[in-house]
Amino acid sequence: MEPILRVKDIHKSFDGTGVLKGVSLEIHEGEVVVIIGPSGCGKSTLLRCINGLERIDRGEILLRDRRISGLEKDMHLVRQKIGMVFQSYDLFPHMKVMDNLLLGPTKALKRSREETEAEAMQMLSRVGLADKAQALPRTLSGGQKQRVALVRAMLMHPELLLLDEITAALDPEMVSEVLNVVIDLAEEGMTMAIVTHEMRFAEAVADRVLFMEDGVIAEEGGPEEFFREPRTERARQFLQSFTYASARKKEKADSGNPGSGKIR
Amino acid sequence: MDWGFIGSHITDYTAGAWVTLRFGLYGVICSLVLGLLCCLARYFRVPVLKSIAHGYIELARNTPLLVQLFFLYAGLPRVGIRLSAEACAVIGLTFLGGAYMSEAFRSGLESVDKSQREAGECLGLTRAQNIRYVLLPQALATAVPALFANVIFLIKETSMFSVLAMMDLMNVADTLRTSGGHTVEVLFMLAAAYLVLLLPVSLAATLTERRLRYAGFGNQRTV
Amino acid sequence: MQDLGISVLFRGINFQRLLLGLWVTLRIALITIGISAVLGLLFGLAMMSRSRAARAVCRIWLEIIRFMPQLVLLYLVYFGFARLFGWNLDGETSAVLVFSFWGTAEMGDLFRGALTSIPRHQRESAAALGLTRAQINRYILLPQTVRRLVPQAINLSTRIIKTTALVKMINVTEVLKVGQQIIGQFYREPSAAFWVYATVFLLYFLICWPISLLAGRLEILWEGNHH
C-alpha cells in the first residue's frame, strides 16, 4: 500500500546546531506512529518540519507522492490536509469555541457554515463539550481547551494528524480525558503521528513506536516488543527513567543484593 | 474678558475647527493605512519592503512636522513638484503619523503569541486570512491605547497647518490676534476649541480601553 | 538641476549660520531636558503621593499638556502672558517655560509608569531575604526603574528636540528662520529653498536619529531583565 507520508533523510539545524540529522520514515493510511525520546532529541522539530512550520535544510517530504517540503506559496493548501495540535492548545482567545471550530473549515476550505456547524456540534458532544459551544476559551479548563483543539483540527478532515505533546501542559487529572479522545480517533482509523511522554498511552495507541535520540531514529518497532524489550541500550535507559519510583521500591524489596539495583 | 467679542467670532472658530478636524481625520485615516502596511511588511519580513518601511519610520520619527511641512510646501515647488496646501497637510500628517501608527500596530502584533500565528497556519489559512481573523483582532485589542494616543497627537499636530496658509484653528486665532486688541479672548477660545475637539476622542479612548479590559479580550465579533 | 541652488548652502558663511541657528534650537532643548529631568522626578513622586490634592494637581497638569498643542501653549505664554500679567517674555524664555511645563509632566508620567510596572513580588521577595527598606530601594527597585525609564526618557528627549522647531513661530531666530533668511537673500536661485529645507530636515534627522538608536539599543539590551 502507498504510504500517506514519506519523509526522506531530512536534516535541520538551528544556528549551526544539528537537531535532525537524517530522519526517514513512512506513515501508512490508518496507522498511528508514536515518537518518543528525551527532550531535545528533535521529535517536536520533526513534526514541525512535516507541516512546514520549520524549513528543512536537506532531504524531502512527500504527502501522497507530492513533494511538500520547500513549498512557498501553496503551503496553506498542504496544511489543510495535515492537522496539528500543540502543547499550548492555541485556541484563538478572541473567538468563542464554535468560531474557533468554524474558522478553518469555512475560511480555508470554503465549506458551508450550516453544514460545518452541525458537524462541529456533533463532534463537540462526542467529546462532552456540547454546552461549551458559545463559551470563550479563557473560561475552559486546560483539558477542555485541548479537546476543543482536537475537534478544531479534526473538522478540517485531515489526512494526517500531528499531535505535539498535547498533554504536557495539563494537570495530571485532565490527561486521560484528552488521551481518551485520541484513542477513539485511532480506533476510527485516523492516521496520526504523536509525540508524547505518556508511555502507557503510547503503548495503548501506537501501531509503531519510533525512539529518537540526538536527531536520528535510534529504534523502531511494535509497541509490545519495544516497551517490553527495547533492543538498544539507550531506549532501555530512557524507558527506565520513567520507572524510577517503582524501581526504587523494587530495590528496597530486593534487599538480598543491596546496591546492585542502583539506577545509573 | 470681552464676551461680546467671543460671541461675534465663534463662527470663525467653528470654521477653523472644521478645517482642523477634517484634515486631521484625513491624516489619521491615511496614517492608519500606511502604518498598518509598514507594520505588516516588517512583521512578515517582506524583502525590500521591510527595509523601505524601516527607513521611512526612522526618518519620520526623527524629524519635526514643521520642517517636513516647509519642505513639502516651500521646498518642493522649487524643483517642480507643486502641491496644494491641503495636499501638503495630508501628506505631511500621514508621513509623520504612519510611522507612529506602525509602531503602535507593531507592539500590538508582537504581543500576540507566535504560536497563535502557527495555529492559524496549521488550519490552512492563507497569510491574509491569518492576519484578518487571527492576528489583527488580537493585536488591535492591545494596540488600542497607543492608537488613540496617536490620534490625539496627530490632531494636535494639525496646529502647524497654519504655516500652509490654511485657515485652521491656529490660523484663525492668529489672524484675529494680529488684527489687534483681544489677545486674551482669542487665545482663550483657541484653547477651549482644542479642548472641545479632543475631549470626545479622549473619552472614546477611555471607554474603549475599559470595555476591552472588561471583556478580557478585544474582539468578540463572530467570524 | 538647471540652477545650482545647492551651492547657496556653501556660499559665504551660510552653512555656519544654519548651524548657529541649530544651536539656538538645541540650547533650548538642552535646558528643557535638564529642567524636565529634575522636575519630572518630583512630578512622578507627587503623582504617587498620598496627598489627594497633589495627585489632582498632577492630573490636571497632565491633562492640559495632553490636550493643548504645544504651539497653543507657546502662544498663550508668549502673547497671552504679556496681556494678562504684563510679562514681556522673550521667545527663548517662553519656549523653555512651555517645553519644561510639558516635559516635566511627560517625564513624571514615565517615571511613575516605570516604578509601578515593577511586579510586587520583587519587593516582597527582597523583603523575604531580610533586606531593609533602603536596601530594597537601592538594590532592587532603583536599578529596575532606571532600566525601564532611561530608554523612554531618551525618546522623550528626541521629542523635545523636535518640538523646539516650533520656536520659529514665536520669532526666535533658529535654524528654520535662518534658512528662510538665506532663501530670501538668494531669491535669484529658485531651487535654494529646496536645498535649504532639505538641509534643515537632514540636520534634525542627524541629531535625533542617533539618540533614538541609542534608546532602542538600551531597550533591547535591558529587556532581558524585565520578565
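Should a chain be cited, it is by its letter among A, B and C, assigned in written order, with residues numbered from 1 in that chain.
The criterion applied here is as follows: a contact is a pair of C-beta atoms (placed from the backbone, for glycine too) under 8 Å apart; a residue touches a chain by one contact, two chains touch by 3 or more.
Please read all numbers here as calculations on a predicted model, not as lab measurements.
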item: By mean Cα position, the chain sitting nearest the middle; value: B
item: Reference chain B; chain at largest CA-centroid distance; value: A
item: Whole-Å gap between the CA centroids of chain B and chain C; value: 20
item: Centre-to-centre distance between chain C and chain A (centres being mean Cα positions), rounded to whole Å; value: 54
item: Rounded Å distance, chain A centre to chain B centre (Cα mean); value: 47
item: Residue ranges of chain B touching chain C (in the complex, touch as defined); value: 58-59, 61-64, 66-68, 70-71, 74-79, 152, 156-160, 163, 170, 173-174, 177, 183-184, 187, 190-191, 194-195, 198-199, 202
item: Contact footprint of chain B on chain A as seen in their complex; value: 51-53, 75-84, 86, 88, 90-96, 99, 102-104, 106-109, 136, 138, 152-153, 156
item: Footprint of chain A on chain B - complex, ascending; value: 113, 115-116, 118-127, 129, 133-134, 137-138, 141, 216-220, 222-223
item: Of all residues in chain C, those that touch chain B in their complex; value: 1, 5, 66-72, 75-76, 79-80, 82-84, 158, 162-163, 165-166, 168-169, 176, 183, 190-198, 200-201, 204-205, 208-209, 212
